[in-house]
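Below, subunit A partners subunit B and then partners subunit C, in two separate complexes.
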Partner chain A sequence: MNALDILLALSALMPPAALLFGRWRGYAWLAGMVLTGQIILLAGCDLPLAAGMNLEIFGRSVGWRLDAFGRFFALITLGVALASTVYMGGEWGERHAAGGHSPRWLHGALAGNVLAMLLLLSSQDLIAFFIGWELTSWAGFLLMAQGGEKALRAALRYVPYAMSGAMAVLGGLALTLAWTGTLDLAALTGIMPTLDNTKLALLLALFGMGFSIKMGLLPFHLWQAPAYAEAAGAGTAFLGAISARMGLFALALLLVKLMTLTRVADLAFIEGLFTARDLLAWVAALTIVLPTFTALKQNDARYLLAWHGIGQGGYMLLGIVIGDATGSAGGLLHVFNYATYQAALVLAVFAVMHRTGTADLNSLGGLVTRMPLTFLVMLLGIIGLAGLPPMNGFVSKWLVYRSLMLDGRPLLFLMTVIGTLGTILSVYKLIHNTFLGQLRAEHEQIREAPWSMTLPMLALVILAFVTGAAPGLALSWVAEAQAALGLPVLAYTLGGIESPRGNLDMLWIVGVLFAGFGIGALLFYGAGGRSKRVHQLDNYAGGHFLSADVRYHYSDHFYAGLMHRIGPFYRSSFTRLESAVAAATDLAASLMQVWYRQTVPALTLLVAAVLGLSWMIWK
Partner chain B sequence: MSHSLLALVVALPLLAAFLPPLLPGAIRRLLGPLALLLVAALGVYLWRITLIEPVSLALGDFRPPLGVVFYVDSVAALFVLAVALVTLLLWPWRGDTSENLDRKQSLTLVLAAACGGLAVSGDLFNVYVFYELAAVAGYGLAAGGGTAAARVATFRYLILGSLGSLLALLGITLIYFRAGTLNLAHLADLAPQTLHDPFGLAAFFLILLGLGVKAELFLVNTWAPEIYATAEARVSALLAGLVSKLALLVLARLLVLVFPLPEARGALLILGMLGMLTGEFAAFRARDIKRMLAWSSIGQLGAAFIAFSIPGSLGLAAGLAIALHHLLVKPALFLLAERWGGGLARLAGAARRSPFGAALFALFALSLIGVPPLPGFWAKYLLLSGLAAQPDNLYLLAGLVVLVTTVVEAVYLFRVIGMLHGRDAAHSEKPQNMALDMTLPASTLAGSGAFAALLLAVALAAPWLTAPLARMALQMNDSAAYVARVLPATATSEATK
Partner chain C sequence: MSTLQSIPVVAPPAEEPSGGGNLLANVFDELLAFCRSRSLFMLHYCTGCGAIELPPAMTSRFDMERLGIQPMVTPRQADILLVTGYVSTKTLKRIILTYEQMNSPKYVIGICSCTVNGGMYWQSYATAKKLSDYMPVDMYIAGCMPRPEAVISGLRELMENIRAGRSDNWRDYYQRYDHYLGNQQRLFGEHWQTPTDVIGEARHYGQFGPETLGEHTALLERHQTPLLPFEMRLGLGDVSKGGKS
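On to the complex of A and B.
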């Protein structure tokens, strides 16, 4: 048994263990320890590793083999699962169970997701890949459905999307087998690029559609925000942070390793002007912009974050489609960075929900003094999400921006900047409406969230900060993944990147930033440090005192002016597209039922017999 | 010849069907299951020996092409086993009255005998006889629900079925008229000279329509939703699970042995596609679970027809996998639907009352839509890889149909799963007993649990089952071996020619 066997075996044990012992308080700690062990094991092993288990089905071998590219995603998966499990194990989990939900199924679904993803990430051939793909979808469905009635409905909305994706992938698999004679991923890397353009385009369309759906790329993104937002807290964090990235993993595998980006660029819609690769880049860019501005419109903190999750996926894909060392490193690094702060942010929002009972951004405010640690987590988290220093989100976005500029794609660069602008506006709304301003009277007795919740949150943002100040820590995994995928490898240092066209040294930037804070503090306290504390329920504004009975905290209809400008653009064309497909299916279904409602089927039989005979005879 | 055991496949159930009136009560109730157990054991034995080499039996030692011929290859043996096992799992243990129970049990045994006969028959005349026997038993069982709706549905089914039988008989007559024999081996030998023309194809088409009634072939499947919605769940399970598969098997054999022609395949392919489209889409709008299952079964059989239309043993393997998978899944679903009939809305919250039942439903649904590593996935994989390998674009179109309808299938099955787990009926104003009604009885759970255990066993053993499946498909595809086994003389004379 090698490390991969142990890893998979442990993950395979956990779902049944969760279903048996999930109600037991200590289970979360046990699962946490197993996950920690798995992370250590995975981080320390030499790759690539082939699993001992190898099946032979219909003359094709089905096996699992993990390389550095898969490990990169696997480590993130395990890390996020660890944070979610610890979070679930404490007071939050008890409250969840008291609400009539099953802790066993929640733990079981999470463990099932981890297993499914590890199987997917280490698949050696397309059958193993499809098994992992489907298991990931259905384990994801199970996790989405754990949050009650609304969650179930959102999860059911995911089913047609997931299934369409799965069937597109399966169709691609069948055609791949027919055209290349193999399903082995290593063998396909040599063969797939040699297929002619028509076949390659069809495969790209099928696989691409399947993978895009999971990733929530436009126009297949509608399912994701509700499905992720409505799930049970720790489940939302896991889903939001890593689940959709399985789509990115698969897309990167397809575009870079199997088809190669140069072949994808051969598939031209307009010769020399617009290729399939450009299309992918633009889809990624639009996925950044549109969902980000949809996030801006949300009034539920969970939905706001979930919509950002869709948007952030665009940066990752964009970096990979550009495909140079800098851009692809940025795209991959963003997967890790995003997972750290998104999980922290979601957990923070659920910590607020745990205490106040709501995630409605119009009914919160002023919680900063009541939940300072959660505030700190959210502050650092949104700095990361907005892509500002000193957090790690800045590094990965910077790499993507830079590669777009170097690659000579100013319009795409503009799109990413617009996306980032929207993100900044939107996350400010998030923290302002939750933590800043006037406290609500009903929230006066609120306490900080318990340690079981703050600990994983803090650990995640500390990680996001450390890998922001010293991105080299994470970039070592990224560089390995790049090499395993066949991408040019980024030359990195502990503080960032070193390149003849300009370095990035985060250690230096963070140092300057903190020096600035230090100088500011010196000036403030040097000047006497005078400040006056006012109770949060009462306040002073515009020359007179306001008391608790007067609401002045500005949260409702946030960004009214901006919304006035951009409001007309929200025309929900995608929602209409979705309903049109649903309506067409329904119509087709009614028409088909007409056939089965005929009154004299015997007559039809006779007519069919006569027609069939004539066809057979006169043909 | 030691293979005279073969006759027991038909004889045992028939004996058990007609003997009970002469026996005292206690033995009489056990006779049927006992006979089926014996047939099952025989099926296992036959499967093991036929995997190596098929066997045949000329009843009464009349040499073919004169006498009645039974031919058992591994496919037939497996179907013999399946018939016995499924009938046993769906055995009617209870009835309203003793007389009613007697009738049900006898008819079930006749059905089992006829199905066994269809699996092993080596000539078209016997096929027709057993087919009629199965049909009559089927009508009796379907009407046995006792409700007026069941009788009306059965009457309509009877008309359609009889007309179908008539068409099939006409087709068989045409074949006899042209070839002068009904022995399948003989026909396989003579077909290239006598039947591979429009005339022969017309005969095939008539038989296809006729036997297609039972196989839920598109064009002649309109009876299915009504029957399955009104008959007892066990009867629906038998008809949808078992009888349809045997009709399918006979058609597949006919296709391989006598009509391996592109036109015949084309007819199967197109009708299969239409069956899939109409069935799955109609199920999408079904308002009650039994009709939904009926339409879904039409769709699944459409997939099997598509699979059998793929030339070569790859297509046969896919078709067998789909048929056997459906044989495991659909009866179990019909069992679950027994209590869960009526409008879909009534299912709200039923998972809380029958969590095990809901879990079983989810398992079967997942396998039906082909989620790996459940067996349904492997069947679908075989089908799609077979379709993708064909040069003809019509097969690619069929692949697209399979993919699209699978999405539709997933949506409606998961709608039910969502319903089961949704808000409890306690929130509505329904009286308590209405809600209690949704709790599944232990017998239902046991029956459908047994199917689930089989399904899971197949899923776990999948890597070891692929070789036998491939072997079965090869055997079924080898018409030369069929001819040589049944007609040794002809084969040698061919060889000397």
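On to the complex of A and C.
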């Protein structure tokens, strides 16, 4: 038994253990210890590792083998699962159980997700991959459906997407087998690029659609925000931080390893001008901009973050599609960075919900004096999400920007910058409406979230800060993943990257930033450090005497001036497209039903039988 | 209101700076006063018709900004409170609230005759006649209404007073708070209070004097419900974190 066997066996034990002992208080600590052990085991083992377990399906061997690319994603998965499990184990879990939900199913669904993802990430051939893919989808559905009526409704909306995605993947799989005669990923690496352009384009369309649905790429992104936002707290953090990245994992595997980016660039729509690779890059760029600006309009903190989750996926794909050492490192690093602060942000939002009972951005405000630690987590988290120093989000976005500029794609660069602008605006709305401004009278007595909730959040943002100040720590994994995937490997240092065209040293940037704060503090405290706190009702409102029943916290219709300009661009086109597709499917199904049920069934049967027989004879 | 002499048309000359003959002794204070006089942010509390003269004074024709004077949206960052016209009893409460919310040093300018003596509303039962009864006024710009030239001339004089250290009436509000509070209570009734802790601020600015407290502040303290600022609270048992109150 090697490390991968132990890893998978432990993960396989956890879902039944969760279903049996999930109600027991100590279960979260037990699961936390198992996950910690798995992380240590995985971080320490030598790769690649082949699992001892092998199956035989239809005469084909199905096996599991983990390389550095899979390990990169697996480590993030386990880390986020650890934070979510600890969060669930304390007061939040008790409240969740008291609300009539089952802690066993929640723990079980989370553990099931971890198992499914590990199986997917370590798949050696396309059958194992498809097993992992389907398990991930259904485990994801289980986790999404844990949060009550609305969550179930949102999760059910995911089902048709997941099914059509799975059908597309299955179709691609069948065609791959027919055209190449093998399903082994290592063997396909050599064969798939030699297929002719038409076949390659069809495979790219089928697999690409299936993977895009999981990742929430445009135009298949509509299911994701409600499904992730409505799920139960810790589940939302896990789903938002890593679940959708399985789609990115699969896309990167397909584009870089199996097909190779040069072959993808051969598939031209307009010869020499617009290729499939450009299309992917533009889809990624639109995935950054449109969902980010949808997030800007959300009034529910959970939805706001979930929409950003879709948008941030665009940066990752964009970096990988550019495919040079800097860009792909930025894209992959963004998976890790995003997971750290997104999980922290979602957990912080649910900590606020735990205390106040709402995530509605129009009914919060001023919580900084009551929940200072949660405020700190959200502050550092949004700095990361907006991609500003000193947090790690800056590093990965910087790498992507830089590769876009070096690659000579100024329009795509512009799109990413517009996306970042939208992110900054909407995360400011998030923290302002939640923590700044007027504390409502009904929230005056609330307290900071308990340690079981603040500890995982703080650990995540500290990780985001440390890997922001010293990105070399995370870049070592990224470089291994790049090598395993066959991408050019980034030359990194502890502080950032070293390149003849300019270095990035975050140690210096963070040092200078804090030196600036230090000078400010010296000036302030050197001048006596005199400050005076006043009550929030001792505030200026055009001379009005404020009282606790007066709302002067500006939250509704935030950015009214901006919306006046860009408001007409919001047309819900994708929602209408989704309704149109749904209506068309419905109509086709009804027509079919009319045809074989109501209009002379005997004749229908006869026609079908004759057609079927003649096809068989012709064959 | 009976004696015109009590209106400070010309500010009393300030004491000679004590430098002991050394020209450089006050160089830092003078530099500070010079800079302060050249960057004035004003909060215009447009109470009456005088406000109509401010847009031309502020915009391109007379362009107040070339003197370093700009409008400011909140009292916390403002230096000048501009009261532009008649002050009804109801408005006066708001002006006092706004004045107390400004950070020191702060200056008050009364524009129009109404702020000097009630102007055409001198008979009205609901109009405060003399603004300087309720808060220290640094400069009156009389007229009905004063033209932008007069406004700018008044502002320039205020700037010169600030530069020369002659305009420090804001200290008077802290040092003789009891007097001003007494006038306010006479007009608004004995239950009058604002959210600002003026006596605490007097100590904060080192302006606490023998006339800060008196019978009127004693009356205030009897019924005052203080607004203590919210402290940062971790809420873990009795552990609470910092924040001066």
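A few notes on this one:
Note that in this section the second predicted complex is superposed on the first by the 586 of 619 C-alpha atoms of A that agree within 3 Å, B and C clash if a C-alpha of one lies under 4 Å from a C-alpha of the other, contacts with A are read in each partner's own complex, and residues count from 1 in each chain.
Everything that follows uses one rule, which is that a contact is a pair of C-beta atoms (placed from the backbone, for glycine too) under 8 Å apart; a residue touches a chain by one contact, two chains touch by 3 or more.
Here the structure is a predicted model, which is why all the values come from computation and not from measurement.
Of the two partner chains placed around the shared chain by superposition, subunit C is the only one that A:Pro372 touches, whereas subunit B remains out of contact. Of the two partner chains, subunit B is the only one touched by A:Ala174; subunit C is not. Using the contact criterion defined above for the overlaid structures, shared-chain residue A:Arg447 touches subunit C, although it does not reach subunit B.
Of the two partner chains placed by superposition, only subunit B is touched by A:Gln593; subunit C is not.
A count of residues in subunit A touched by subunit B and by subunit C gives the higher number to B. Legend: residue contacts after superposition of the two complexes on their common chain; A:Leu606 is shown touching subunit B, with no touch to subunit C. When both complexes are overlaid on chain A, the residue A:Arg530 reaches subunit C alone and has no touch with subunit B.
By the document's definition of touching, of the two partners only subunit C reaches A:Leu439; subunit B does not.
In the superposition on chain A, the residues of subunit A contacted by subunit B and by subunit C do not overlap at all. Considering their complex, residues 55-59, 127, 130-131, 134-135, 138, 145, 149, 152-153, 155-156, 159-160, 163-164, 167-168, 170-171, 173-175, 177-178, 585-586, 588-593, 595-596, 598, 601-602, 604-606, 608-609, 612-613, 616-619 of subunit A touch subunit B. Those residues of subunit A that touch subunit C in the complex are listed here as 366, 368-373, 439, 444, 446-448, 451, 530-540, 542-546.
Within the complex formed with subunit A, the subunit B residues making contact are 156, 159-160, 163-164, 167, 198-199, 201-202, 204-206, 209, 219-225, 263, 267, 277-279, 281-282, 284-285, 295, 366, 369-373, 377-378, 380-382, 384-385, 387-389, 399-400, 403-404, 406-408, 410-411, 414-415, 418, 421-423, 462-463, 466, 470. The touching residues of subunit C, when paired with subunit A in their complex, are 45, 74-76, 91, 93-95, 97-98, 101, 194-196, 201, 204, 227-236, 241, 243-245.
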